[in-house]
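My questions all concern the structure below.
For clarity, chains are labelled A, B, C, D, E and F in written order, and residue numbers in each chain start from 1.
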């Protein structure tokens, strides 16, 4: 069950409202790198968690923290929109030379939300929940979580680099730190489960008999005009201790040419497909 | 530039066509765990690749292989649909007692594709390209790739477990093997770049001055009725060598109560919001 | 800031797991009538709330309750999937005559989530955040909230009517009650603001000079072969006290025939559109 | 059956074409507050209408009017795009200093429609039909309709406030008036059915035995650091005449801690989830 | 401006309601081959029509007819759902042996619409308006319209082939006929404009100087292991009278190897990308 | 099976990077007129191809070419973004007067891809695979392909018209030429199958007995205030040689008034719908 405090997790200040930055911040709310995504991802992973109870607790606990991040970002967007123009006249008066009237801002902050945050990304594309990765496999899910936090920290850094507002920089420095913490945390779960090697290949419960292992450890170089690059992937033992890396250059097909029968009568095809000319 | 051979990468056989399994296989084509996703993800990462050229070559080369996987799966779907009924009468005749006429199959294999594969998942939801993760940060991208291959191998294993068709099992064993290979391959790239520690936190080019590092290494336990679980995440050195793990239980808010000004006149709000009662 | 208790808001029991009912319950999680929608709708309305602070508090408080409803429903879905078959063989053995193998269930509970809830509706369509209605106008938002709770209670009643599982009926009776409470609550906010009449027309801050009021109170009957139905809408005073209802039957157009100029050169049109024949 | 007149419902004039305003007007066509939405919503409600035939007639009649609104808006968009630049050179010549070349306009008015309207919102996001709310419950549907018209009038007012074009203001004043009329009209239907109280709670056909009525009339305050706000919702009789409002502050969970069994063998989970360490 | 008659364009009868067929019919309403698509496509093309006024009239007139087709299909869906079970108990009683309870039906006909049509396809995926093709180029649009009517007639034929209900067959025979008529009609517009050759290549207003015409008439055979197939495309004059068909087998790349500079500092990349090892 | 060369199909040069043009080029990658669409459309048609094997070969071969077009466009986008500003300060310094900071560019080129291409259109809307038209009917598919190439050439011409960059003009002239070639090629397939007349109406295998042919050849003029326009569609023989064109003006409905029974008990409707007042 969830509860709420009326104060924010961390102070959110904006020195000088900037509708352009409000548009950019939307990516951290409703982008695939954003906070709705991690909040809901950890939440759904928690609801399907099977196995070690500690992981379920961590998932629901961190989902809860991410909800607090959405809340701070939503406030940051609204603060950046305080006083934004609501008429062409007002906009022109404010800034007669330097800039286009609406260029670089999200027109739906004006039209749809009344100068407040939307559950959408920086292009105004609404977040869609197919981005919640929760597979029921704890190894795959932990990797998905590290990935999500990496993407989140890349985004927060880009926002930090863009803005020159001290309030916003302070707030983003906090988010950058928490993304660091969460990257570390999900990696620590993998470590606690015996390390990445013990988890590989994911799923580690797939019996070897279900795998054509002669195809499991070569790098396939499909480039016709270049040899495979050399590196850790081209020779030496595999990370799961089961094989040896190698390389296949310019591979030939091993399968058949695909061929289907003629179309069935009454299947909506053209006559020529049902009775092809011989 | 791309080229094509008319034969498949690996043989695809179906012993006994099964429209239900055709529906399930769609997830491996157009699901977020599927092959369109990895093909396009590696392709877009390649087109934005900056830095070590070997990684760009691997990305475009493996993208090319994944296109061949789509091709095999598309053929597998069509083979499973060969001879499927196209009328109620035909369907009833075939199977008068055991099963619903359309239950468990995708009606759009009948209506929309004429008994062939669709670029959609097992529910008939079309694949949408927002799932192509290509951040311009090679560390984040490699993690996204390992994650994608983990999800792909989970799915391929579930399909293998479900079917009792020998042809399909043989084909899925090949896909399972290649997913193993690709998990290993992207991890090997990270290894080649100095290992995960050298890459952390992602992005590793973010200066420490941009981070409120006092918030970077504690696990925040937002549960009101439980202490934080103990494990690798709760004490000991962090994986990036910059900090020491710790725990914060039942944290209090550090920020302000969010509060916005009244609504602007002519902003589309109610009168009460523009001139709130005192 | 959000917090969490490890227990559910209300007990969730399933007497006999039923994967079909798991599929139906998804609508209450990820359907437009579902709990993700109201949780996020109240959350975003709260973040943009301007005016009476009590309303903001109610919005964030009820958003928090709705998160707890998602949590219960997610558990209900997983409990209904406990022990569901993961292979064709197992499915056939369990139920050789009565039913199709996969008919009536969501195949992605098997393939994508490992027998757990998805953030999607009963067709497997992911929830998309464009359904979060938060206009910045408190009148429009309160109506949207009553509407959402009405839709939610319709859905919960349909689920109650469908199932014969006592545990599920008990849980749904709780959700039905809370939907009643929330319908009442948002109507009470409107009442507290002076009642619906005081709020109408929404937005009530639009000056009458911005409105062609001669078009504000007639019912336009576009049916060519029927007179307008009679009722409260066809005569008597309007609800905002500004007009008198009337009816216009078989209206004639008042505007011009729309006509555009020829296409511009170099605008990608056909030659005939740029230089139309005279 | 539908018919058409070649003239518009109301005159549409543009004094000075403005591609920025063309972009904004798109929200009234393809936004969730727009005219495609109400046209299709009333249409689908009409096709599923059961009960009083007058309501079906009103739904299909007003759907028909809304189609005429789309037609006028489409013309308004095209008129605002007349003469817009189709080359960088032309754009620079027109406006060498004041503004960015494409800033604040929709590039797809240039690239995709050849200077005409798109069925999309102001961000270029296509309208998606999941926003058609038609539940089969006339009470829920009427509320949804009032809500839609409230959102529509908020949007039309914002557009009116933004523009300084007299032709556009005249046209928007007409739309504002019709949105007023439709708000009134759907409320009048509720009134005709006995008023909101008679309709509550929706659905009013749900037997009280299906409801845990001890949970139907309290406001749940999940805020840990604030008492529930006082107002019409916190005491006094409920609007359906069945209960008495009250408040629950800082509620404790009443349910169990959610706990799932271990993962099934062959379900695609990690080994640790199938055989968790004791 | 639009108008409406209260009767349907053509009689719609269902001899024996069938919820499975209701699900299939949804494709003709909300599928990409369906009637919402053509209604809206012709409508938006009309609103952007420049050039010959007769074409604009035909577009809006046929858009109006397609709206009447939606109306008939919506009624057909509802009639097929009359009396469908609303509880598990009722469903089991009706059909204890032959079929799964929900298999082959759309659960949201029960949960979301109360036994009526939805603006969605046969998988329950809502129609999305990006499928409205209206380019502002009348040649491209006419081809898109013929294509849409071809797809529509394929679908209507598949539905006709599936059902054994006489009422439905009679209704579908009407739709098949109208799809024939509309295929013919849009081809006749092309004929009236001088025939396909005069329209080619589309857009025909593109000056030849904008085209690398040495690449305009060869078939590029990218297959490594097969010669180009011979046919009308491999030799003889092109259809626009400007060139001669030919073939290029196993083409070599003509361009450079793509190569980007290192990542910019402060662009969110990894350190290795900003300062790549030499 | 697919293969790759490390060089591009055709040289791609950018004389002067322009982030605005990078945004516009996105339409040719991820728009419905773009290259992902044709690549995947031909690919899926190939996988479902039944009938003449030459067509399957052409489909997979041209799909392969289109993948090479995506590759060139992705490189063109990245080249146009080389050196784009990553901070507000840098952006202001570069261009203090002329333009808005972010106006006219895609903010997610900065935030999400690190100055590289996205699989999205010019508004940042991700490509969705429902636009892959592959019906299993070769006639419908060939028309869809000509349509797609017509839309593609319209777009390429608009991009050519917009830009003043010589490198980009040279590259676009190549794309314009290949779109010409592909329009010709798919028309040649229709010619090879006996010409359009032999293919009409599509599907040509639908028996005439399935069609109410008395409705197959009239143009229905639903306009109340105008006679049907005269032209090739209003008289003369139909293109399939089966009928004679004619016209029906101001048609009257031939069907019944739609009417549904009352709502079922326990179907979630209002009481008034279940027991309507007499």
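Note that in this section a residue touches a chain if its C-beta (ideal position, glycine included) is under 8 Å from a C-beta of that chain, and two chains touch if they have at least 3 such contacts.
Each chain and its UniProt protein: A, B, C, D, E, F = Catalase.
Remember, it's a predicted structure, so these values are computed and weren't measured experimentally.
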Intersection of the contact lists for chain B and chain F: A, C, D, E
Number of hops, chain A to chain C, where each hop joins two touching chains: 1
Classification of the chain D:chain F interface as same or different, half of numbers criterion: different
Centroid comparison with chain E (C-alpha atoms), farthest chain: A
Rotation, 0 to 180 degrees and nearest 5, that superposes chain B on copy chain E via CA atoms: 120
Chain at maximum distance from chain F, centres defined as averaged CA atoms: C
B-E, B-F or A-C - pair sharing over half of the C-E contact pairs: B-E
Where chain C and chain D are represented by their mean Cα positions, the distance between them in whole Å: 10
Rounded Å distance between chain A and chain F, as computed from the means of their C-alpha atoms: 28
Intercentroid distance (Cα basis), chain F paired with chain C, Å: 31
Where chain B touches two or more other chains at once, by residue number: 1-9, 32-33, 47-48, 50, 53, 57, 60-61, 64-65, 68, 71, 75, 78, 86-87, 97, 99-100, 102-104, 112, 114-116, 120, 123-126, 128, 130, 135-137, 139, 154-155, 157-158, 161, 202-203, 222-224, 226, 251, 253, 255, 258, 260-261, 263, 266-269
Residue ranges of chain E touching chain C (in the complex, touch as defined): 1-7, 47-53, 86-89, 96-97, 99-108, 110-112, 114, 120, 123-126, 135-139, 193, 199, 202-205
Of all residues in chain B, those that touch chain D in their complex: 154-155, 157-158, 161, 266-268
Sites on chain B touched by chain F in the complex: 1-9, 30, 36, 40, 43-44, 47-48, 50, 57, 60-61, 64-65, 67-68, 70-71, 74-75, 77-78, 112-120, 126-130, 132, 134-137
List of chain E residues in touch with chain B within their complex: 20, 23-24, 27, 31-33, 97-100, 102-104, 121-125, 154-155, 158-159, 161-164, 222-226, 250-251, 253, 255, 258-263, 265, 267-274, 276-277
In the complex, chain B residues that touch chain A: 3, 5-12, 32-33, 53-54, 57-58, 60-62, 64-65, 68, 71-72, 75, 78-79, 82-83, 86-87, 114-116, 125, 128, 130-131, 133, 135-137, 139-140, 143-144, 146-147, 150-151, 153-154, 157, 160, 169-170, 172-174, 176-181, 183-185, 187-189, 191-192, 196, 200-203, 206, 210-224, 226, 228-233, 238-240, 245, 251-258, 260-261, 263-264, 266-269
